[in-house]
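So that you can tell them apart, the chains are marked A, B and C in the order they are listed, and the count of residues begins at 1 in each.
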Amino acid sequence: MLQQKESKAFVILRYTIIALILVAILFPIVWLILTSFKPAEDIMVSPPHFFFKPTLDNYIYALQKANFLMFIKNTLLVAIISTTFVVVLSSLAAYSFARYNPGGGNVLFFILTTKMFPAIAVVLPYFLIFKEIGNTGIGNFLQIGLDKPGALIISYTMFNLPFAIWLMVSFFQDIPRELEDSARLDGYNRLQVLRKVVLPLAMPGIAVTAIFCLIFAWNEFLFAYVLTRDAARTITVGVESFFTLRGILWGPVAAAATISVVPMLIFVLILQRYMVRGLTFGAVRG
Amino acid sequence: MKGNFWKLMCFLIVTVMVISGCGTKATTAPETAAPATTAPETTTCNDADRVPITWSTIAGFYTDAMTSIVKDFEAENCVKVTIVGIDNAQLYDKQIIEAVGETGAYDVYNIETAEKAGFAENGYILPMDDYIAANPDKVAYDDIAPVLADITTKYKGHIWGLPYYTYTQGQFFRQDLFDDPTEQAAFKAKYGYDLKPPETWQQVTDIAEFFTRKAGENLKGVPLTKDFYGIGLMAGPYQEIQDELSGMILYKGTDWLGSDGSILVKDEGNLWALKWYVEKLLPFAPPAALTVTYDGVMNQMQDCQIAMTANFFLDQWPNAANTDNTCPGAKMGIGVGIEKTTYIGAFLMGVSSSSKHPKEAMDFVAYMAGKAAQTKFASMGGSTTRVSVLTDPQFNTAESWWKTGHFAYLLKVFENMKDAKSNLFYSPYGAKLYNAMGLIYHQAAVGEKTPEVVLKELYDTFVNICGGDVCTVNK
Amino acid sequence: MESAVIENTKPAMKKRKTISDGKYAILLIAPAMVIILFFALVPLFYATSVSFRHADLTMGGLQGWVGLDNYRTVLHETKFWSTVKTTLEFTFFAIIVEMTLGIFIAFLIYGATWGKGWIRSLVILPLAMAPAVTGLFWRYLYDTQFGVFNYFISALGLPWHPNWLGDIKLGMISLIIFDTWLWVPFVALIVLAGLQSLPKEPFEAAELDGASTFQVLRTLTAPMLAPVLTLVFILRTIDLLRLYDSVATLTRSGPGDTTETMTYYLYRQGLVFFRMDYASTMALLFMFAVIVASGFALRPLLSRLAKRAGAR
C-alpha cells in the first residue's frame, strides 16, 4: 500500500480514530500508573479519586521492602538471554524452512504442535528434569537447575522457538528469491547471502519476533513459579508477594507493575528502528 | 544496522551479567534476617557456621514483625533463617511440589488446618511428639488454646507442628449504627424487637434488610451519598465462601463429613445453610460480593458501604478497626459470631521430612510458636494462638484496641467452640476437599445453579476426590 | 547447483568442499531442533506415560499402569465437556474480535505518516505489563463498588449497573474484552510488520497503472499479506484454545463456571488437586484435537510453503 497523498479530512479522521483507540488501550494503564502514586486511602474508595496528593511511598516500599530490584534483575537476565538464543536459532531455522523446507512440511508442522500441549501438563517433567540437572556438576556451573536462572532461560527458549520460527518463516518467504540468486551469481556463498542480503531485509520480522519473545519471557508465570524458589524469582512471581494476608497492597502492586514495564518500553523503543524495511534493499544489485 | 543490533544485544547481555555478578547472593532482603552482626550476640557463632533453615510462608506476612522475631531467634541459635514469602493462593501448591520432589528446599512449611492431615498422611512432615516431650518448657504446649491445638496439630494420635497465627472467625459490625436512636426506633417499629448486634441468623437477615438502602435515603438521619448495604459477604470464586458457610453448617449440628467419613454435604443442615446464604443474605450484600473475598469485604467496610460482616476472620481486625478513621462517624464493634458457631483454624508450622536440619527446624518452630515470639507478634497486631498472650493485660487496654481488640473475643470463640471441630480437618483428603468447595458453592451464589443442584455436584466431587463415598477421617 | 566454480572467484574464501543444499538446510535447523526435540519430546513422553498410570501426587505419587482408564474417566466427565464448550465459545468470539480489530488497527497505523514509532510502542503496553497485575487490576476496574468503568457509566447518566464479573450473562463478555485489550496489539503489530515487509515495486507499478485503492487491496495486498494473516490467525487461535492466564488472573472461572476454560480446569486438576494423571490425559486429548483441526487449516499454508521452497 502506498503512502498516497491523503486529503486533510482523511488524515484528521485517521488520527482521531487512532487517538480513541489509544485512549481505550492506555486508559487502564494510565489508571494503574496513577494508582501507583496514590496513598492507600485514595485507592479503594468509591467514587474513585481522580485528584489526590501523590506520594512515592509505594515505590519505596516495592523497591526496598519487597526487594523488587532483584526480581527485575533476574527477569532481565532471563528474558534477554533467552530472547537472544531464540532470535539466533530461529532465524537460521526459519530461513532454512523458508528456502529449503527440510522434512517437507512435516518438521515444521511438528514444531507447531509442540505449542499445542498445555504447559501445565509438562510442569512436573520440567521440574524433575531441572532438579536432576541441577544436581550435576555441569548444571551447577552453567547455573541450570531449580531456583537458578539457567532453568528459566532454557525453558523460555523452548517455549518461544516454535512461535519465533513460524513467525519468521513467513517474513523470510516475502523476500524475493531473485535477490539471493543474484547475490549467489555475484559470488557470495550461502552463508554470506544469508548474512548480507536476507537478514537485513528480514529485520522487521526479526525485530517483531524479538519484541514478543522478550514480552513472553518477561510475563511468564507458571514455570517461573514452579522452577524458582527464592534467588531466581522473576517479576511475575515477585508481584505476588504483595498479595498479603492483610489484603492486596494495591499501591505497591501498581508501583511494581509500573517499574517493571519500563524496561519493556525501552526494549520496544530500541527495537522500533529495526521494524522498518531495511535500507540495504536494492543495494545488493549492481 | 544489523551489526549494531548484535552489538546492542551483546552490550545488554554483558551489562546484565555484570550487574548480576556484582550483587550478593540473592536474598529476599528484608524478609531474610541479615546476619545478626549488630544485634547483641548471646552465642559466639560465625556466620559461616550457621545452619541454614528455609521457612516458606505467606507473602508480605507481617514482614517487619517476622524479621525482628527471626533475628531474636538467630541471636540465640547458630542458625540462619531465610524467609520465602509466597502468595497464599500458591503456597499449598508450591510446598507440595517441593515436598513431592523431595528437594529439601523448605525446612519449615506453613500449613493450613485443612491441609495438616494430608501432609501428615503423606509423610511430608515430621511428628513433633518427642521434641515436645523433651522440651516441655520451650514449647509450653498447654498454653496454646486447646481447641486450636487439637484441630491444628493433632492427627492419628501425634502432634504434627505448632500453630502460630489464627484466623478464627467472629464478627465485625458498625456499632454506631446499632447505637443510633433513630435507627433503633425505626427497627423496633418494623421488626418488633430491639436493635442490637445479631445473635441468630434470622436477626442477621432482618438487620441486613433493614440497613440496605439506596443513595438518597437516610442513615442515622443523614442522607446517603451512595448505596448502603446491610451485610458484606465473601461470595466470590475463592475458598473463603465455605468459611462463611461453615458456621451455619455447624450450627445446624452437621458438617461436611461425618466422624466416620461419610459425606454429609447434601443433607438438610447443609442445604439449609446454602439456601439461607443465597436467599436471605446475598440479596442484602453489594453486587461485588459475588466477586470478592475477605479483602474486598474489608475495603467495603472501610469505605462506608456495609453495616456488618457475616462470620468473619477476626485476624482482620486491624483492617476493620481502621474504618473508624476512614468512615466519618463509624465505630466498629466485635462479636463472637452468629449463634456462637463459627469457623476456627490457624496456620501451623511443620517441619519437612526432607529437611536436612530437622533439629534446628524444630527449634525454630518451637521458638516462633513460643511465648516470647508470640508476645512480640501480638504487639505488632498479630493474632496469636497462645492463651497467656491473649489474656495479657497489655493487649487488652484502650490504647491497643485498634490492634488487639479482638483478642478477648478470640478467647470467647475458643471457649464457645471447644467441642465443635469439623471432621474435615482430620481427613487426609482435607486440603483437596477444601480447595474444591469454593468454586462450587460460588455457582449457587451467582445463581447459575440452584442450591440443590450445587450440593449434588459437591457431593459427586467429594466422591471423586475420596475415591468412594467415604472420606477417611482419623481423629 | 554446483558452486565449486564460483567459490574459486573469491580468493579470500577458504577452499573447502561445499555441502549440498539439503545438508546445509539441516545444519541450519539443527540447533533449534535439538532444543525442541529434547525439551518437547521428553516431557511429552513423560506426560503420556503418566496419562496411562494412576498419579495422585498427594496420595502416593506415581503408581501403576491403568491402561485407558484415565481416558475413559475424562471423556465421560460432563465437567470436562462443559469446559471444552466454554473454551470453544470463547475462542470463536474472541478470535473474530481480535483479528478484525487487529487488522483494522494495523492498517490505521500503517497509513499514518507521523508518529508510527510512538504509536507502536504505546500500543504494546497492555501486553508488556505483568499479566498477574493487569488481570488483577482489571478485576478492580470491573468491580461494582470501586471500579472506574461503572463509575463512568453512571457518570454518563446511564441506568445500567453491570456486574461485569458477577453476572453470569456478562462474565464471558468481560473476559473477551480483557483478552482483546491484551492481544489486539499483538495481532496489530504482526500484521503491521507484515505490511511493512511488503516489497514496494508491485505497488509502485500498480499506482503507475492507475489502480484504485480497493483494487490494490484486493489483488495485491490481500494475497501478499495472506501468509502473515493466516499465521496470526493460527497462532492466536491456538493460544485462545489454551487460554489460562486471563482466566487465572481475572475471573478464576467465575462468575459461576461460565469462564472455566479447559486449560484452567486442567490446571486445577494438575496443580490444585495434584491429579497429574487426569491433567496429562486432558492435555494429550487436547493436543490431538488441535493437531487434527489445525492439520486441515495448515495444509494450504504448508503446501504453499513447500511450493515456494521447492521452486528454484
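Assume a contact is a pair of C-beta atoms (placed from the backbone, for glycine too) under 8 Å apart; a residue touches a chain by one contact, two chains touch by 3 or more.
Note that the structure is predicted; figures quoted are calculated from it, not measured.
J.: Compared with subunit A, which chain's mean CA position is the farthest off?
T.: Most remote chain from subunit A, centroid-wise, comes out as B.
J.: Of every pair of chains, which is linked by the largest number of C-beta contacts?
T.: Top-ranked chain pair by contacting C-beta pairs: A-C.
J.: I'd like to verify one number: the distance from the centre of subunit A to the centre of subunit B, where each centre is the average of its C-alpha atoms, in whole angstrom.
T.: Between these chains, centre-to-centre, one finds 37 Å.
J.: Rounded to the nearest whole Å, what is the centre-to-centre distance of subunit A and subunit C, using the mean of the C-alpha atoms as each centre?
T.: One centre to the other, that is 14 Å.
J.: Two-or-more-chain contact residues of subunit A, please, as numbers and ranges.
T.: 44-47, 124, 128, 240, 248, 273
J.: Quick one: which residues in subunit C touch 2 or more of the other chains?
T.: Each of 57, 145-146, 271 in subunit C touches at least two other chains.
J.: Would you pick out the residues of subunit B that each touch at least 2 other chains?
T.: 97, 299, 303, 305
J.: Taking the touch rule as given, give the residues of subunit A at its contact with subunit C in the complex, in rising order.
T.: 1-4, 6, 11, 14-15, 17-18, 21-22, 24-26, 28-29, 31-32, 35, 44-48, 89-90, 92-93, 95-102, 104-105, 107-109, 111-126, 128-129, 154-155, 157-158, 161-163, 165-167, 169-171, 173-174, 176-177, 184-185, 187-190, 201-202, 204-205, 207-208, 211-212, 215, 218-219, 221-222, 235-236, 239-240, 248, 250, 253-254, 256-257, 260-261, 264-265, 268-269, 272-273, 275-277
J.: In the complex formed with subunit B, which residues of subunit A make contact?
T.: 41, 44-47, 64-67, 70, 73-74, 76-77, 80-81, 84, 124, 127-128, 131, 146-147, 149, 199-200, 203, 225-226, 229-232, 240-249, 270, 273-274, 278-280
J.: Going by the contact rule set out above, which residues of subunit B touch subunit A in the complex?
T.: Those in contact with subunit A are residues 1-2, 5, 8-9, 12-13, 16-17, 19-20, 23, 25-31, 54, 58-63, 82, 84-90, 94, 97-98, 101, 103, 105-106, 226, 294-295, 298-299, 302-303, 305, 315-316, 318-319, 326.
J.: List the residues on subunit B that touch subunit C in their complex, please.
T.: Interface residues on the subunit B side: 93, 96-97, 100, 118, 122, 236-238, 286-292, 296, 299-300, 303, 305, 428, 431-432, 435-436, 439, 442-443, 446-449, 465.
J.: For subunit C, which residues count as touching subunit B in their complex?
T.: Residue positions touching the partner: 57-61, 139, 142-146, 161, 163, 165-168, 251-258, 271-274.
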